[in-house]
């Protein structure tokens, strides 16, 4: 029969090329305000930990730091894969920060939306292997981050849920959220889940294919490392070209309609009825806290 | 975590807006020859019952009444959802009425086909929540009606079957039947089922995702009401925009090729070989009855 | 209810039409160097047996013979379906012959790639019912042959595996391999399997829908005949139009980009790094044999 050429060819992979560069410490850490990044240079694997309590919401600042960190890793020959996880208990990311979408100027909405787009374009189109280690709930934009990775491992706790629940808030997931979702769970599951704004408890998320596997919380990082090793066993170049072939159509669609999509968002979010809904929602959240 | 803004916001939904209008009776009924419609104005849910024995076949008259009833409900602010079911035992709908496709003029075929298209465009593109409560067999065009709804509940009786079995009759399901089917069961299941002209018994239909759930016959309407309540808990506007985002591509495709599709149908159905097949089929049905 | 018009209408099917022709022997055999073809004229079913030891690799000669045999059957009114299987123990087909892709001229690569395209266009677009009876491992191009059929039955031996494992060899499956694969297993399973270059053992291949069913080796041909009879029970014309409707988009895509795809392949395969990888791979295979 035919066997793999070799499982980790020294001629392939950016980590390999690094060996001819200057000698480096085995682990490098760089942290900014909202994200902690640890890069293990011997394995070529970085870990990005969201550390923006209370709920890792995707504010403009968070998104900017996220994109900068991703770009840094993308351009670092020592890095071939990244595990994205949370440093905040019980929450992976709560999604887009509502305060960025309420009572601001049109210019602000546009800037914010461009940052959301940029984040997705970078994660979904990354040349690195991307694994979401989902150690808490992950609604809306938080779910999108996970959906944009190559593989999703979630803690098996049924109290943690994940989904594109935008419809529950009276808003609509944009087409590229939808495209990403359909690529993973198929048209029918996506149609039902998006219309109902479903937040799927971990076991259900696994059943519909939204996440690839469930593990006990204490095994999460170990399992992420094992899966990462499996993906990194492939030659980078072939894996990257294959990934691009699978995702290009959906990525290109946003790139081609980016300004129009920003325009749609700013018009929609500026509507009085939507602003009112968001205010009611924030007031409800405040009351819950007290 | 993030919680839904509110489950049934008074500011959303056409039923809510109705409250500022004139006081109305809690239940309105309008019936024509082939379909009975009951609208419960307190829940905002209509029930459409096909009552065209022996098999609720989709004749030109039936389709015209169906479209008129749908349009009435669509424009009625008191109505947010519709349950489609049969008043005839053991059959949901037998599909397109063959007598409309045999021995008639080209003009008649064109008029009939336009009515079939119109029905699908209205059901698949409806702003209302549409639930098929499938209480009997549902081949071909009957299956299409069910496929065009948002959700399908079928009586668990394995003697009831459902499918796009056109190929068994020597004819071919048009591309928009196929698109609707692929959106629900995926490409592979659709390809096999359409080529074999399969009629799936209820348990199998459930297994391949053609229907969403099975219930005992006596629980059907109760379960349909419960599912409807779940879908109506979402704000209408967000749900409608989401639905449109999921279905627009397939709807637009027929709209763009509507005349061409009519032309194809009339040419195909007028062929001597097809007319002969249909005659043989009708004769076989007649003999079966005797 | 509605019943099928008739299960095997005498007016349909090319085999039926043959009955008015000259009397023929019930079984015809034609063999060339690499493929054995047996046509049973009473059933209308041909069997193609790959007999190119040691691994039925798809050389230029093999592909040429394969296409000629397919064309012969396609144009033979006595033939309505073909079962494709292997005459070599433990292997269905090992895929594209690497020696055709190593150390040859650009012209040779172009000629070879055109033959690969031609094979796929003929199998995926065949008017006949095509069933793959997979009695051994089937990596890469061998998997493509199976994926291009209407139905896949595999021997349940877990030592036999199947998949598009190109990425393991440092190369990339072309878009039409990918399109064919996505049409069968869906986008998510395809994305993961292609990026990992997975070879799925038979039970896993069945689980992900890559093959339709598993049988014990001794039952394979019997089961293939039974499935074939089921597919041939449909009127040829309706089945063929339905198949074409399902596959046309993907077939047309290659036809529209055929020269560009050849150009891409020759450029890619001529790269020094790729040639080096292939040489290493062939050397590894040689060592394994010794």
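Letters are used for the chains, namely A, B and C, taken in the order the chains are written, and counting of residues starts over at 1 for each.
Here is the rule we go by: a contact is a pair of C-beta atoms (placed from the backbone, for glycine too) under 8 Å apart; a residue touches a chain by one contact, two chains touch by 3 or more.
Model, not experiment: these values are computed from the prediction.
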item: Size of the rotation, in steps of 5 degrees, that lays the CA trace of chain A over chain C; value: 120
item: Same-residue or different-residue interface between chain B and chain C, half as cut-off; value: different
item: Mean-CA-position distance for chain C and chain B (Å); value: 38
item: Multi-partner residues of chain C (at least 2 other chains); value: 186
item: Residues of chain A touching chain B in the complex; value: 55, 90-91, 94-95, 137, 139-140, 161, 165-173, 175, 178, 186-188, 190-192, 194-197, 273, 276-277, 280-281, 284-285, 288
item: Residues on chain A engaged by chain C in the complex (per definition of touch); value: 1-6, 9, 11-12, 150-151, 182-186, 209, 212, 230-231, 234-235, 237-239, 241-243, 245-247
